[in-house]
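Okay, so chain A shows up in both of these, paired with chain B first and chain C after.
Let's look at the complex of A and B:
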């Protein structure tokens, strides 16, 4: 067994590896990451994951639900550290897996992969507590600077190969309205034991689309619009009206007014601390919102961006979907703007108290040739703009299988004592 | 008479330019319903102000008389440096926490104006704190420290200030509340959101979170019992604040601590505000604050000292991007006194970012199409 395999085994047991070995792994990781572009190319099939935040036991649950590395090809969209009690073990495990299986796991940067943020939200303190010095934190921060800013998934199948497993509960009427044989499934939602919670057929017109009901988790929700992003109001899964044939862009936060093409992301100098403003900051900090155009982000960094911005960007860059993390979604995932963007959140019961479930997104491989083939980035026939969509451009987004899971039973050993209560609070 | 009222009628501690003295028979003079205003400007001939005197940090102090609904009268006290141009320069309205005073924001005010020279700062004394006086006409009236009353006081002070300076409308407003003050400004911007909306930019809450505040309240009584109740001198009180790390900046303690105390007939110094008498309201001050904070109009900034103590509601809100959170590990509870320069730069940044008059956002797609641009 190689040293690296031993490290992985030890970290899987939630035991940190010695400082010298951390240094070595970080060095190797940097050598690997420096070769990656700002936007990493990833081939489907791939399982896309959102924020982890040091919730090691939930990361283990994620691997149990989604399959192990290297059997499953993973893409993690950042925020590995901070807030949870095991940032160190979680990040080092992912990093060791990256070094061991570089083509089977992709890590991109989140806003928490930053010196400034980690000194305040826990990772720095955790390193200090577990090693007695800040060296390991420093090695990790150097790795952060080399993480890619985004990933571009290509070759995803447009239709789902439905899973054989049974429905977890009696399916709703909408799902029964289409007979199983004719169905071209676009979206499937599974629970952590692989049972089907919901399944949605491909919808081709706006009319059909509007008939689609939301998952039972959000009763009373208007089907045509979802609630404000991150409101936890719904994890609406609706038919896609994105552009036909296109890749999936994965980024931690969202879009930037300074970035109108993926090539502009490729031109950024990413090997630095996350800046307070500018394109790189926006990619890691922005959020989609039910607005027209751009808005101020209440977070104090990045922007809010509306449906028009997403649809325009997707059209221009030949994308069928933007996949991002960054915002807590109580139901684990949330599709917005006619399924042109989705938020995936992978930290169940966030911070051990928020009571949310988590999700991962599986994109299948296009093996049957029934799906699309990627098109070039040419501008042909695009002059009419996206706001007057043509019927023939009606879309085939990738088939999406969400696996929703809950928090792993907590092992209270190793948890630091509760934070001291403030002594003065008037 | 409660000790609170008793202390209210003591003369303010030196060195302080003398306000119009208030006697207990002063009720007849306050029968006009409109707020009357006295402005005291520092007088060079009166006395030489030391480096810790408020005149180093604010332009003026205001005494604002107001008849209250329950028949009582209030003589509010506040420090102010008005904005250069109230039509466009912002006014930062600061509300201190329980047991503190408007001078808690003195050094912060100076730091803020060093960064934003045209900005105004209004730092008020809450009732029973600093030099604000509640003059109950009915002797049996007990002091009312309910959140609603404190909120009304803050609004009264703001409106009386506007009347005093004859501003046609309120300047662009940024509220900053520390601890209890955070609960007050949050409530103010929620309850009176419509009234303030035309010029409200946002509000900042300093080191208070509903969940952890309610948790800490259980320990407050024993904390208060452990505090010395009398100091031999002002300098020993200042020394106590810095020695116990209640305040971590000696400079700030010298400015703010004298305003927390009042001289007893024996010549010693006692707390001006009887915090124990406010205990019945403690829980109600903070209950429901997280929901109000998230639901209010305007931009939201939460500044926490030491470590992040978010409760569940704010944790979810923060992770959904609903407000700006800043944690200052090196600060103690009195953030504005411990790290005034850092807080000032955060406040200025917060103002600049959210100032809608200067906001230029990239164009909407529909506007670009309307202009015939290719998108």
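Let's look at the complex of A and C:
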């Protein structure tokens, strides 16, 4: 067994590895990461994960539900550290797996992978407590500076091979209006034991989609609207290329008003501490919101972006979906803006007290269906009346399988359940 | 549960749903007061949207909308309760009192002239979720009573007996319930939580809003509710404290404290923050 495999084994048992070994792993990781572009290319199939926040036992649960590395190809969208009790073990395990299986796991940077944030939110203190010095924290921060800012998933299947398993309960939706054999499934939600919680067929246009189906995680679909002036909503220069499955951009926070193409992300100088402003900051910090265009957060820093921004960006960059993390959602995932963007959250019972479930998103490989042609074209024209030209051109979204899971059982944590301790407060 | 002498029946557990969910009720030994607490997971997307529509501002990241703590006068049915919705409804829904994060100035300067409407603040409101909530009063007929019936008093006439509360009397019932928390996009913390403890002859409730906006301000807004089980008086004290962040940090450094640790600990901070407002009221239950 190699040293690296021993480290992985030790970390899987939630035991930190010695400082000298951390240093070595961090050095190797940096050598790997420096070769990656700001936007890493990833081929489907891939399992996309959101925030972890040092919840080590829940990360183990994630691997149990999603499969182990290297069997499953993983993409983690940052925020490995802070808040939870085991940031160190969680991050080092992911890093060791990265060094051991570089092509089977992709790590991109979250806003918590930063010197400033980790000194306030726990990771720094944890390193100090577990090693007696800040050296390990320093090694990790140097790795943070080399993490990619995004990933571009290509080759994802537009249809979903339905899971061959039973429904967890009588489905509440009317998704079975389409007979099983002719159904093209777009979304499937599975519980942690692989039972189907819900399944949604692909509907012919995005407009119809938002009206016909109502995934539990995306209530209140915003009405679809045309792009903002000058967004190229009426342009058909791209021909029909948009109707094949587009790529999926993964980024921790969201978009930036300084970035209108993926190539512009590629041009950034990322090897630094996360700055307080600028495009790199925005990619790690911004949030989608039900607004038109861009907005400034009332906090005075940080951007909000609306549906028109996402749709325009996706169209221009031949994307079918933006996948991001960064915001807690009770259901583990939340699709917004006619499924043009999704938030994936992978820290169940966040901070050990929110009671939320977590999710991971599986995108299948477009193999057997290489010659698949979207049948949406012809049908879509029939309902021309309500359609924006750009909707017709929208790249067909990938088939999405969400696996939803709860926090690891208490007894796997090796610590007692957290009960409020009676105290003589005044 | 800390019941050192264990003479009384333990709190009853009902309606558990999920590992974090539970409802507890406890009645004082003289059957005059009942304490109810409920803990549930954070709200799901639909209830969050509905709540946001009702109160007109975005909802904190962690919203425990089903949680509450209530003190009920058993003979009359009068009730004082604490819940997230009523607390959030008292948060400023305009620019008034709106804070800015520490990097806001640098941030704005950098973005000036960028166009795209990006200088526009969407939906200004007090995103620190600072509230002066002192609880929701419900009259015996079950109607919301507002502030009616609360009489202004002071600590010399109607004291919260800290001396008696400091005695190591057995705690018959204790709970700590979060109502909401926001990480302020990693610029600090805003947290509203309620603690309650019941001793054989008296009870104390503390509803505390704690705000630490890094580099800007530290704020505490405490509402204490004190009841002597044998009496009819409910004493309520609201204390608002606040200090500038940098000045406070300097002071902690001077005291050779672990600055980062103290800044996370509202109990340690309280005595260091100047009092801005201190108000005691009393309610005599029917």
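As a working rule, the second predicted complex is superposed on the first by the 343 of 426 C-alpha atoms of A that agree within 3 Å, B and C clash if a C-alpha of one lies under 4 Å from a C-alpha of the other, contacts with A are read in each partner's own complex, and residues count from 1 in each chain.
Throughout what follows, a residue touches a chain if its C-beta (ideal position, glycine included) is under 8 Å from a C-beta of that chain, and two chains touch if they have at least 3 such contacts.
Nothing here was measured: the structure is a model prediction, and the numbers come from that model.
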Touched partner set for A:407, first chain B, second chain C, both or neither: second
Touching partner for A:298 - first (chain B), second (chain C), both, neither: both
Chain B versus chain C as contact partner of A:312, first or second or both or neither: first
Which superposed partner A:193 touches (first chain B, second chain C, both, neither): neither
Which of chain B and chain C A:112 touches, first, second, both or neither: second
Touched partner set for A:278, first chain B, second chain C, both or neither: second
Partner chain(s) touched by A:331 [first = chain B, second = chain C, both, neither]: second
Chain B versus chain C as contact partner of A:165, first or second or both or neither: neither
Partner chain in contact with A:133 - chain B first, chain C second, else both or neither: neither
Where chain A meets both chain C and chain B, residue numbers: 119-121, 257, 293-300, 327-328, 330, 350-351, 353-356, 421-426
Residues of chain B defined as touching chain A within the complex: 97-99, 179-180, 208, 212-213, 215-217, 219-220, 223, 246, 275, 278, 282, 299-301, 307-309, 312, 315-316, 319-324, 326-327, 329, 333, 349-350, 353-354, 359, 361-367, 369, 374-375
Residues on chain C engaged by chain A in the complex (per definition of touch): 1-2, 18-21, 40-46, 48-49, 61-62, 98-101, 103-108, 110-111, 114, 116-125, 127, 162, 165-166, 168, 171, 174-176, 178, 184-187, 195, 197, 204, 206, 214, 260, 267
Footprint of chain C on chain A - complex, ascending: 111-112, 117, 119-121, 125, 216-220, 257-258, 276-278, 285, 289, 291, 293-304, 327-331, 334, 349-351, 353-356, 407, 410, 417, 420-426
Of all residues in chain A, those that touch chain B in their complex: 119-121, 229-232, 257, 287, 292-300, 306, 308-309, 311-312, 316, 326-328, 330, 350-351, 353-356, 383, 385-387, 419, 421-426
